[in-house]
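So, here's a batch of structures to check.
You will see two complexes here that share subunit A, one where it goes with subunit B and one where it goes with subunit C.
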Partner chain A sequence: MWLSILGLILGVSLGLLTDIRIPPEYANYLSIAVLAALDTLFGGIRAHLQQVYDDRVFVSGFFFNILLAAGLAFLGVHLGVDLYLAAIFAFGVRLFQNIAVIRRILLSKWTDKKSIRESV
Partner chain B sequence: MKKKVISRFTMILFVIGLMTAIQFNTMNEPDSRDTRDVWEIRQDLSREKQLHSELLSEIGTLDETLSKYEEAANDSPEQVLRETVEELRQEAGLTEISGPGLKVIIEPSQEAIVTGQNIDQISPALLIRLVNEINRFKGIEMSIDGKRIINTTPIRDINGRTTINGKPVGTPPFEIKIVAGTLDNAEKVSNHIKASPILDDFYIDNLSVNATEPQDEITVEGYDGELELEHLEAAEEE
Partner chain C sequence: MKKPNSRKRENVSKSIVFSLVFLVLGFILSYSYSLSQSDDGSDNFTANSQFEQEESFREELIEQQERNKTLREEMQSKQAVLQEFESEFSSGQEDYSDIASEAEKLRRYVGLMPVEGEGLKIILEDGEYGTQAVNPNDYIVHESHVFQVIHEMYIAGAEAVAVNGQRIHSNSTIVCTGPVIEVDGVKYPAPFTIEAIGKPDVLAASIELPGGVLDQLVNDNIVVTMDEGLEITMPALLSES
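Showing the complex of A and B:
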């Protein structure tokens, strides 16, 4: 787990230190991509906690979701319909659901441990 | 198995972190970049230098006043204070002032007279433009139709009439008196008005602007109203 957080810190510091910038026109796409990535990440954590984690689903979902979200936003811009809202809505709702499930699982695990300790 | 999962998460988190950081960088880009070229920077610099020299000369005058105060502290401080008050009143435009200057006469244009068109009052916008045009020169004192222009003078439309200091301006012809400090300066103002594109704006309103040749003695009336200093208060003593 600590290794993963190290990865996050490494990514953030690399991004901040190298001072990479993308043109402001594409900032929308990147923000949606970040949202999609977060959604996949929490989906993966939830799956892992529910013991249904599949490596291939996780990695493919990560890239596919990002591409789909950015593609949808791109299409939306060219069609004049704010399709990126659909992506934001879908990912946003799923993000909250996943986090809620993760919280419940962690809570139940915690109470289980407590009751086991008490019975011992 | 477990190791593989962690390595996957690490990788994904790395990508997420990178994307977030890039997004952060992009959003935090400064709004306005300095796009001035060398020439514009040069101009700005010269403007600042001019300001600097003006401030220096102001400091010089103030220092002079201060030394005068100090000299006269024993003799007659009242006299010096009186002088200062008089100077300040003059600077604020409360006193009559005379000196070399010129007159600018606003009158109906020849064409309008010949074709018998109705001459309306001058519009506030046009008058403001003219005043701004004249104010390009430093050390100018002026009055329009007998109404002294000071720093707080409003030129505006009140009930359909153009007013200065709240008093209506007459229908053209009327004259603008300008005291320019020196004959040289008066000539410059006169030439500037004669060549100014603002004449065209006046012509559209059937008016013509005639600047006279500089004269040795022009008298500009003092401001006759009360100066309202609503937001200006004496600082509390420490």
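Showing the complex of A and C:
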């Protein structure tokens, strides 16, 4: 747990401190990657709450989704088709779905706890 | 004993993997954040960079047009100033030409520059010394004669006068010292050649006025020779007296 927080802090500071300027057209890929990473993260949380969580699936999904989203955007730019829209759409919908599922699970857990306490 | 150990190891590897994942996540997030900060959010996600380019070009064009406009206005104001200058200059040029011609005229009078032009040449010679004469002074040219001639020339509008080739100026001194005349310290014997630059006919007429200078000179037994319309050149006055 602490190690992962340390990793997060390290990553944030590394990202803020890097002075490498990439050309603006590549920033698009990065934003897609951000979306993919967030989606995978929430997917992992949801899977954990649903007790179907798997380490390998999560880690591979995390990196693979990032690469796929960036590759899709890259391909789209070079083909002249707005393929990044597909990535945004897919990840956006999944993001909302995941968050909705998490919310529902948390809500049900909360109400369960409350009813148990009341019954006690 | 074995089971918790392996579980612990699993936990450690899990947390390592998680830390790696979070490291990547944090890096991506903060990096894109700093990127968007540095590019003032212009590249929020718009892959149609053509549109962006168009926009930027349009902005540039507008900027250039505005610049052109201001430059044009500046040019117009400058042109107005230029026009003012030109009109001033043309009127000033007339003044200048007037002033320049006046200066040249004055310079001629003062004797600062060599003069060249038509004029009159008068040679005064001593008269024949007759045997019946009582006083030889009646037969020689005195400085008063030279004075008379010079004054008459100036009155008749001569621009420059010279005696024996020596320019006469406003402070010239002509002194009679016995048989010779001293013009500005230079001694000249008779005959005296008085040259004047001006209108030859006017000068001649003024000299030949009845009862005028010529008559008086002749009355004083002086031999006068006049040459009209000669091209006369006079040197500039070099010495200050």
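Here is the rule we go by: the second predicted complex is superposed on the first by the 106 of 120 C-alpha atoms of A that agree within 3 Å, B and C clash if a C-alpha of one lies under 4 Å from a C-alpha of the other, contacts with A are read in each partner's own complex, and residues count from 1 in each chain.
Here is the rule we use: a contact is a pair of C-beta atoms (placed from the backbone, for glycine too) under 8 Å apart; a residue touches a chain by one contact, two chains touch by 3 or more.
Keep in mind that this is a model prediction, so the values were computed, not measured.
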| item | value |
| --- | --- |
| Which superposed partner A:N28 touches (first subunit B, second subunit C, both, neither) | second |
| First (subunit B), second (subunit C), both or neither touched by A:Q97 | neither |
| Contacts of A:G15 with subunit B and subunit C, given as first, second, both or neither | both |
| Subunit B versus subunit C as contact partner of A:A73, first or second or both or neither | second |
| First, second, both or neither for A:F62, with subunit B first and subunit C second | both |
| First (subunit B), second (subunit C), both or neither touched by A:D82 | second |
| Subunit B/subunit C common contact set on subunit A | 1, 3-16, 21-22, 24, 27, 30-31, 33-34, 37, 41, 55, 58-59, 62 |
| Residue ranges of subunit A touching subunit B (in the complex, touch as defined) | 1, 3-16, 19-22, 24, 27, 30-31, 33-34, 37-38, 40-41, 44-45, 48, 53, 55, 58-59, 62 |
| Subunit C residues within the subunit A interface of the complex | 14-36, 38-39, 42-49 |
| Contacting residues of subunit A [partner subunit C, same complex] | 1-16, 18, 21-22, 24-25, 27-28, 30-34, 37, 41, 55, 58-59, 62-63, 66, 73, 76-77, 82, 84, 88 |
| Complex contact set, residues of subunit B against subunit A | 4-27, 29 |
